[in-house]
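Look at the two complexes coming up: chain A is in both, with chain B in one and chain C in the other.
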Partner chain A sequence: MDKIVISWILLLMMCVAYIVPIGLPLKIRTPSEKFYKFIESLPKDSKPLLMSIDFTAGGAPEIYPSMLAVVRHCIARGLRIVVVGIGTDEATVLMHKLFEESGIAKVYRYGVDYVGIGYIPGGEMAITTLATDFQKIVKSDAYGNKISDLPLTRDIKDYNDFSAVIPFDTAGVLTLWVRNWTPLKVPFFASMTAGYEPTFVPFYNAGLIQGYLAGISGGAEYELLSGFRGSAIKSMDMQSITHLYAVTLIIAGLIIPYLRKRR
Partner chain B sequence: MLEELGKVLSLAFLAMMFSFQLYRENRFYRFAEYTALAASLGNGVVIALEYIRKTFVTPSLQGGPGILYLLAVVFAFLLAANYSREYKWIARYPMAIIVGVGMAIALRTSLETEVAKQVWAAMTSIIGGSYTPLDNAVTSIITIIVIAYFLMIPKYTGRASYLLRIARYFMMIGFGATIGARVPSFLAWTSGRITYLLQALGLLGA
Partner chain C sequence: MSSEIYKLYIPQIIVLLLGIIIISEYFLAVPTLGIISSWARELGILVFSAAMVVAVVGVAIRSIREIKRRTPGEWYFHIWLLIFLFSWIITGCVLTSAHTFYKWLFENFITALYQAMLGLCVFSLFTLFYRFKPRLQLESILLSFTAVITMICGVPIGEVIFPGATALRKWIIEIPVMAVERALMIVMALGVVGLCLRTILGLERSWLGILGALIPTYRRGEKD
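Take a look at the complex of A and B:
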């Protein structure tokens, strides 16, 4: 079958699945449940959560719904958050979108309950310095305020001052976070693309990551658990139907050449 | 008005990008591709300059950022020597520092997280843990067979040589699953654009 025909069928299937949802069942997996339970277990006056936007605008459709659901859950629980970005310089733009869509400013006071630092260059060196000397690497937030002037961040010295670290990743810096933060025994949760999940399962099995949300299905599971339904649940039908289509094509691609050869 | 214009532009660019897959490579697709690259690069440059302003220029004007910052800026400029055939060697010094520090930071903890902890996790008990006994048994068997494959690599032809073939199958399944798992990512990225398209056309609620 022509590549163009395959693509058109895929596009039409996606559109139909969106417009006419079937509501296929969704199974909650253990890593997603652990993630949700951890956030649920944190008391209101706990130390802030450090979240990192390490996904690009292109990869946002897969990871952003997870982050939005987690942030909305944190707001509902009254948990304080600090948002940084290491993997991509698009982090600051995405952070503004996150703050706007989560409605955080309506409930929280900036500088007291949440702080947006935005993109910090430096890759692994920045990640390791965030853990050991926060004030040294972060001088000001994304709005030009001095970190030492904001009540939430002025007393943050190192990893000990965070309840947990949660990188949301498509940019491939999650390994760097794992390498530099998990030996410090800080609770570590993450969200990664479905393609990267097999890479991080060994870290989860080794107990380095306590829970994770993988791809759009991880986001949908979190939306379902937290009750903050968003675009991830909406796109699950589309995911399931197009996966079925992809599997059919793979099987056809294996069988048809075999049958042709036999003739 | 500006918002509407932005919506029309983004839909036009979306159509141009999709035209590659739904039709064939064409000049509209190339235009959209180059524009996306240029916009991304432009954003990156502005953010980098802004960071230099925040961490170096402004503190310098307010009494000095410290000798280490100055040194870092000098070394950063030395990287530009890469563009000159005659002075290319100068860029090796900052590059050596970047690679050296990077390696030192990476090696400091990678042995613990990527080797020791993984080995410990592989030595799992068959019963217990987050997985079923069958999962644990399969994990243990595959771990042993694949380790045996690498230990037996020097053209082993003895009785247990069938293990090499089985190990190869397991590895191919593993690699295949890893690559296959990227399909949901690509579909999710496409779905993001499809949602936007349907919302913009009024076929889906916001």
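Take a look at the complex of A and C:
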């Protein structure tokens, strides 16, 4: 089969699945359910959640829907959040987009209920210092306000002042978060690409990570659980159809040359 | 000799001292060690930030050099690189990342290009799926079987075609994959410990631009 024909069929299948969704049933996996239940169990006056944008613009279609659903759920529950970014300098712009699309400013007061710090350079050193000396590494937020002037962040000293840490990762810094924050016994949740899931299953099974959302399917599961339906659920049918197409191509690639040989 | 002291011995002494202090802080409850290692981490963050500036300057210098030389098939790309590099820096510094124009640039250039690049890879991948013709060996059959199972079991349609697909995927991830991942993690951790110790003790010097003991051996032509 020609390369162009394969590509055109793929494009067509993706478009049809997106325009006319089949609505295949989605099975909720335990790690996603645990993630949702944790957010649901937190009381309104609990300590803020530390979220980290560690995904690039290229990885955003897979991880961003999960983050948007989690943030919307937090807003609905009245939970306070602090957003940082370690893995990529694109974090600050993605954070502005997140705040805009989640409509956080309409419900929350900036500096009291949520704070956007944005990109913090330093890689693993920044992750370690965030856990041990928050005020030392973060001096101001993404809008130029002093951290010590904002009611939400002025009393944050270290990891003890967060209810949980949630990195959203495609940039490969999740391992750094795990090895620096899980020994501190802070509830740890994460979102990673589907391809990275096997790497983090040992941490989850050992109880170091309490729950996670893997890829776009994890995002779709969270959207379904929280009721904040977004692009993840929409793209699940598309993913199903394209995966089926990929499997068909693999099988056809194996069988067709064999049949030709026999003739 | 003096340049050797600056380039070789001083960085190694700094690494040795800081390495010992940071490792000791983890095992010993001495407040002074905590203060010094906290200062060292802060210094590390500053060096990290400075490295980014150095990288930008390095890229700019290289591009200017390529434009001056009019390197065939390359120099005009360097003009584009410089235009975008400086427009990003100026926009970010003057308007900040919260400005609509910065967000517009990000959405319409970075995001669009990044996702187009990944999207193109997907199309190539699909043609590869068809052209993938393994020889009929146990390893290749297992590889094809695993690819099909993990692909079809990871999406909702898998459960429709084959009830129990989710349970099968769970078993694959939690038993064989986890065993391999754990083994890899332990091996990697041991490797990292070994590399750190070699770096602290000055045995590993590639970070100084020196390839250990290999260079003098090759120079003498003994290896060949």
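The definition used in the following text is that the second predicted complex is superposed on the first by the 253 of 263 C-alpha atoms of A that agree within 3 Å, B and C clash if a C-alpha of one lies under 4 Å from a C-alpha of the other, contacts with A are read in each partner's own complex, and residues count from 1 in each chain.
Heads up, the rule we're going with is that a residue touches a chain if its C-beta (ideal position, glycine included) is under 8 Å from a C-beta of that chain, and two chains touch if they have at least 3 such contacts.
Since the structure is predicted, the reported quantities are computational estimates derived from the model, not experimental observations.
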* Asked: Of the partners chain B and chain C, which touch A:Thr132 in the superposed model: first, second, both, neither?
  -> second
* To do: Using the superposition on chain A described above, determine whether A:Ser231 touches chain B (first), chain C (second), both, or neither.
  => first
* Figure out whether A:His243 sits in contact with chain B (first) or chain C (second), or with both, or with neither. => both
* Asked: So, does A:Arg77 touch the first partner chain B, the second partner chain C, both, or neither?
  -> neither
* To do: Figure out whether A:Lys97 sits in contact with chain B (first) or chain C (second), or with both, or with neither.
  => second
* Asked: Who does A:Gly253 touch here: chain B (first), chain C (second), both, or neither?
  -> second
* Thinking of the overlay built on chain A, is A:Lys47 touched by chain B (first), by chain C (second), by both, or by neither? -> neither
* Asked: So which positions on chain A get touched by both chain B and chain C?
  -> 3, 7, 58, 60-61, 90, 92-93, 121, 123, 125, 128, 194, 197-199, 202, 205, 217, 239, 243, 246
* Contacting residues of chain C [partner chain A, same complex] -> 38, 41-42, 44-45, 48-49, 52, 96-98, 102-103, 106-107, 110-111, 114-115, 117-118, 122-123, 126-127, 129-134, 144, 147-148, 151-152, 154-161, 166, 170, 173-174, 177-178, 181-182, 185
* Asked: In the complex of these two chains, what residues of chain A are touching chain C?
  -> 1, 3, 6-7, 10, 24-27, 29, 56-58, 60-61, 90, 92-93, 96-97, 118, 121-123, 125-126, 128-129, 132-133, 136-137, 142-144, 194, 197-199, 201-202, 205, 217, 236-237, 239-241, 243-247, 249-254, 257
* Residues on chain A engaged by chain B in the complex (per definition of touch) -> 3-4, 7-8, 11, 14-15, 18-19, 30, 58-62, 89-90, 92-93, 119, 121, 123-125, 128, 139-140, 170, 178-180, 182-183, 193-199, 202-203, 205-208, 215-217, 231, 234-235, 238-239, 242-243, 246
* Where on chain B does chain A make contact in their complex? -> 18, 21-24, 40, 43-44, 47-48, 51, 54-55, 59, 101-102, 105-106, 109-110, 112-114, 117-118, 120-121, 124, 130, 174, 177-178, 181-185, 187-195, 198, 203-204
